[in-house]
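In the two complexes that follow, subunit A is the common piece, with subunit B as its partner first and subunit C second.
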Partner chain A sequence: MAAVTKEQVGGFLARQGILVAFAVFMVGFTLANQRFVDPDNILGVIRSSAILGVMALGVTFVVISGNLDLSVGSMMSFSTIVVLDLHDKIGPALAIPAMFAMTLCLGAFIGFLVGYLKLNSLIVTLGMLSAIHGLTLTYSGGQNMDIADKEGTWFDFFGQGSALGIPVPILIFVLLAAVLGVVLSKTPFGRKVYAVGGNGTAATFSGIRRARVVFTCYLISAFCVATAGLLQASRSLGSQNTVGQGLELEVLAAVILGGASLLGGSGTIFKTVIGVLILGFIQNGLLLVGLQFYVQYVVTWIIIILAVWLDIAAKRGKLWSPIA
Partner chain B sequence: MTGQTPALRLEGIVKTFPGVRALDGVSFEVMPGEVHALMGENGAGKSTLMKVLGGIYQPDEGQIIVGEQPVVMRSPLEAKAKGIVFIHQELSLAEELTVAENIYLGELPRKRFGLVDWAKLEEQTNAILSTLKVGFDAKTRVGDLSIANQQMVEIARALTVDAKAVIFDEPTASLTDAEKVVLFDVITDLQSRGVGIIYISHRMEEIFKITDRISVLRDGQYRGTLQTAETNEEDVTQLMIGRALDLSRNESHHELGEVALEVRGLSCGHLFRDVSFEVRSGEVVGFYGLVGAGRTEIAETLFGLRDPSAGQILLSGQEVRIHSPADAIAKGISLVPEDRKGQGLVLGMNCRDNMTLPQVDDLKAGPFVAEGAEVSIFDQYRDRLDIRTPGWKQLVGNLSGGNQQKIVIGKWLSMHPSVLIVDEPTRGIDVGSKSEIHNLIRDLAAQGYAVIVISSEMPEVLHVSDRIVAMYNGRIMRTFTSEEVTEDNLIQAISGLGGDRAA
Partner chain C sequence: MKIRNLLAATTAATALAGAAFAAGHETMKIGITQNNVGVDSYQTTYEKAFIAAADANDAVETVVLDAGGDVARQIAQMEDLIQQEVDAIIIWPTNGEAVIPAVRKAYQAGIPVIVTNSNIAEPGFDFVKSFSGPDNITQGARSAEIMCDKFKDMGIENEAKVVHITGQPGYTTAIERAKGFNDRLPEVCPNVEQIDQQPGDWNREKSQKVMEAFLVKYDDIDGVYAGDDNMGVGALNAAKAAGREGIIFVGATNFAVGYEAMERGEYWGSIYQSPVDDAEAALQTAIDVLKGEEVPFLNYFDTPKITQDNMSEFTKPVF
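Moving on, here comes the complex of A and B:
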């Protein structure tokens, strides 16, 4: 066998570490519980990852453009509550577009603050996390929202139905991922997102209207959130005000896990999808081996730290750098 | 110098990267009190060699000897502790801290309880600064200093350790002629203290002014050492690029067309005032002046990055208002900016995508970017500008400075502008690429472009311009034709002495 140096192993781990860790987890879970590789279980994991996944697609645009979006969790609560409330008031056919319009307004507002006023996205979206939560509670009066006639509506199609034998949430996730993947990798707009995130000044000097690009990224993120809210509302037909709470961090974890840099300029939709799946399977595996549900919050944190560490390590070519 | 122990000696240094032998058995030495130039084209291996010396890379073979001791350096800090000090091309100072804090960062003098001994710090710093004869003191905030003075701070930092060898990497890249004189005095001073100096630069006139010996690298190999006093530019160039270089001055004028750009009474706050000039197609107009004379600011105004406070801009006789770079590009103005890495390129993007960035909206096949068209644009300008890269997929950040600059130039040429502005086109670029870029600028004029060249290098301005605009303190002092310009009257004009009066 050819000699493998410590540096080569370190370099490989730094570059492919997350996949290696994922493989180890998968094998471990399978050995611990045969049900893990059951097709029903796998489909179940993808299905329950779909909502998170749809949100992660939009956040991928924002992160590549060099910004953050921490408001997606509470924005998703907002969309869910609004569409459930309007369902009974104006009917599902009008409720859905109305909810999309309202969510896009929120996205446009954030995009305006970050893009045109050039405010720091961390502060803006952290503030919006709280502000939108307040907006939702004010709207609902703090009450849970439920559809009155749960049997007699076609609204459950998006969250519970299936088409061609595949659950609709998975179809929507896959479809949206395909469309946004093409937008990001194949269109002039996608190219500009990378340029703005990679070097905003150079993008400006190349005649790219930076504010417009950032604004559009937040609109895309809001559109994805509205879609996620639709899936969530349709799945449960009733909801608490806090349904999306904490999702912003999981979404960010999935995006970073996929390899997008928080500094902007890198990442792809495909990688984000991988990140979403890794997160979903690990959380599912932990449940199957008998750990409490709440353990996943800690595990998610560990995964984020691991992903960020490996990202940095891959850049410097070393796992560990005591100096500077 | 025989019999003396070199301050620093490299023996048979080899460094390989996957697929490249970046350094192939490089040996050279610098004596105490000697200024030793290290020259080579971009990509010749200078940067790699410096990183080996600075402890950033470990050599695969060979050794580094400081004094008589072979040393191994695992980090920049260890290199500094061994007496090897770098003055980098790109400064690494904390702008918000004072001069004293920057100089002693990491080793601030302490009093009891670990508190900083400010009095001692200030005293030590001012002692060092006085040997450098600078016009600022220990308490000045570094961000308030000019680039030249910031460099002095870096040099002062080097003087705090017992330096055996000081390496200057393109130290004059951002300096004006007056500031260079001060720098050279400091180097002479270091020399007299017995410090060995490695001086990396592309500027021949500096090399011949201050160095004792010149060592040349080409393609990662050591090509020889010349005694500066016994050689000349041609010999050095030949050693560097393996062929002779045409340094004769270009005096040809091309057929002039219509006035492509006219500026009347343009002002922008206190940056520049009442600036009027015109550029015809087929003409190269050089803008020469000291750093801060307002040249770059004029370019930025023409490119829509600043709003003028007064005056008119006319393109082909039509008055225009330019509100953004996108506007300027649409009206046929292109700007090759002075800061290649900060303003010109997205370093993490590949060569092709960087080159086509300004026109990505126009290169469409349906809703998608027409990648085939992009590749053919890239291929066309790679061939035309002789850009050396393994392929368009290469990240721009991995290219040498000269090739990066050619990507930026290619990017703007491919927009077919009617007015092309180039700001410091050859900053930090080797001799071979430099003259290629000069020839290219002349070619562009021949093809009917109206070209504005902003430069702080007099030979460059003289070499490429049909007319030269001399600026001082935000005003145009005088416009010369290439027949009437001389070094003397040009220097007088940019120093605010009034172009016509003889000294």
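Moving on, here comes the complex of A and C:
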């Protein structure tokens, strides 16, 4: 014990404040209800967080590059509806790549507007939020989409299956997080994303092609959204047109909770994953504690603020800043 | 004398006008402003059924509008319809409070207003001829009866435990159905205990998450009541994934997915609410009002119980 100095503890807290916050909540919920730490419950929460989580991975890239993506919720509804519809028309083996292609087109369009035309990402993606919603409704004619033969399809594998005893959505989430984590932290492209978000002008003068980096970030985001749509569709084998509605804010909350700066230039995939898990476990924990749901909205918000505060406090080593 | 003559003349004229409508010499022009067509299958089907019913009736001419969920647009549409001097206006309120001034304007212009599907707030009742739609409190109560009857069949009406997944907090339909269920269940099955109630926000995925938490929290769940079948099927999916069998699922607003789950024997019952009946009832109410017939202020169309036992009497919902 003597080997661990106060400075080392302080340094760890400063780097991993959000992990500390996460641990605090986990202990708190466990004390409130023992079943919270039941392995089935833990797996269940991670599984249902996987959809949000996969989307948050892509948005992390966009946010670090200094932009926003508010269209992911309605884009996810679009992917879900499209893949369910095509499943019955051309079969799952073709429907999945077709859906990915269509979703990537949407991502490319946004990437073009924000990256090459340099339009404000807030305006572009806010517009796309409702434009894609309209597109989805036009596509489906407003009808709920359901797979006709729910028993005789292998399509449920992605959302309901499991491999090695672990639900497939978790495997996909972990795999994608690992790959994108490496891309962001270990590759030249990843460094360019930080550079563009941190100081765009400096990045340009260093010979980085900003437009291409931003464009690629939106493609990654669209790819993640398509994956989330696949998980969602496969999980319930049917969907209403508004399935992703409001998720854009939850995704953004998870990313920010993970410590990514809305101004760009900072954040990591690992911390986004922690942010996603905190949101998932808060929702589940409050249900298990059995608080009345009107109160839950308020408590969720308080916990998020608390987490952000713990994170900041750990970074500066004090609970409050002496300099206002 | 003069006044009496005038009165008589007016009465005769009114009667004539009514007779003219009835005989089909003159067409009735009925305008409708809907809430948000296309946002869900129920509203989409409603609009199709409304137009079909109006087309089938030679005495009716319609102006069909949709507010796209936007209160301001709906108010503008009400004003348009008043300007066009339609004979009656049917409104599916985007917001029960905010549309009241527009409804009053129509009332002042002498145009009868019929509210369809979900009612406007009480301060506006004076300006409305009739409300045509489902009775959500009765629907909730009937769901409680379906649940209780099934428990009695199974012989567990003295120990059964129920969880309840409601619609979006703050929505009239969600509040009324929950109230109907919560009030009726203790009357018919006093020993059945409702152990938890949480919102599923009319969303299948959200409902599945809520049910997953319930399954972790409670070892013993005998029945689930969901505010509509969409959420009910979400809860059913959660129970199936967790391998928990023998739970009785009862919903409301029978959806195609709910109907199919009933066919598979996994889902016990629901309330049959047809958007076609809803649309036809609204049009008929407007026609009756224009013909001068007596129409009750709350003109509910029937939404019967549907269970695995009697589902063959119903066609599969189209939404």
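Criterion: the second predicted complex is superposed on the first by the 267 of 324 C-alpha atoms of A that agree within 3 Å, B and C clash if a C-alpha of one lies under 4 Å from a C-alpha of the other, contacts with A are read in each partner's own complex, and residues count from 1 in each chain.
The rule we apply is simple: contacts are C-beta pairs under 8 Å (C-beta built on N, C-alpha and C of every residue); 3 or more make two chains touch, one makes a residue touch a chain.
This is a predicted model, so every value here is computed, not measured.
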item: Superposed partners subunit B and subunit C on subunit A - clash or fit; value: fit
item: Partner chain(s) touched by A:S162 [first = subunit B, second = subunit C, both, neither]; value: neither
item: Partner, of subunit C and subunit B, that touches more residues belonging to subunit A; value: C
item: Which of subunit B and subunit C A:D38 touches, first, second, both or neither; value: second
item: Touching partner for A:G141 - first (subunit B), second (subunit C), both, neither; value: second
item: Contacts of A:S130 with subunit B and subunit C, given as first, second, both or neither; value: neither
item: Touching partner for A:Q232 - first (subunit B), second (subunit C), both, neither; value: second
item: Partner chain in contact with A:G290 - subunit B first, subunit C second, else both or neither; value: second
item: Which superposed partner A:T201 touches (first subunit B, second subunit C, both, neither); value: first
item: Distance in angstrom between the closest Cα atoms of subunit C and subunit B, superposition on A; value: 36
item: Common interface positions of subunit A, toward subunit B and toward subunit C; value: none
item: Complex contact set, residues of subunit A against subunit B; value: 182, 186-188, 191-192, 194-195, 198-199, 201-209, 265-266, 323-324
item: Subunit C residues touching subunit A - in the complex, by the definition given at the top; value: 37-41, 43-44, 169, 196, 198-199, 203-205, 208-210, 212-214, 216-217, 230, 233-234, 237, 241-242, 255-257, 260, 319
item: In the complex, subunit A residues that touch subunit C; value: 33, 35, 38, 40-41, 44, 48, 51, 137, 141-144, 146, 150, 160, 232, 235-236, 238-243, 283-284, 287-288, 290, 293-294
item: Residue numbers on subunit B that touch subunit A, as the complex places them; value: 74-77, 303, 305, 324-326, 328-330, 335, 337, 342-349, 353, 357-358, 360-361, 363-364, 367-369, 411
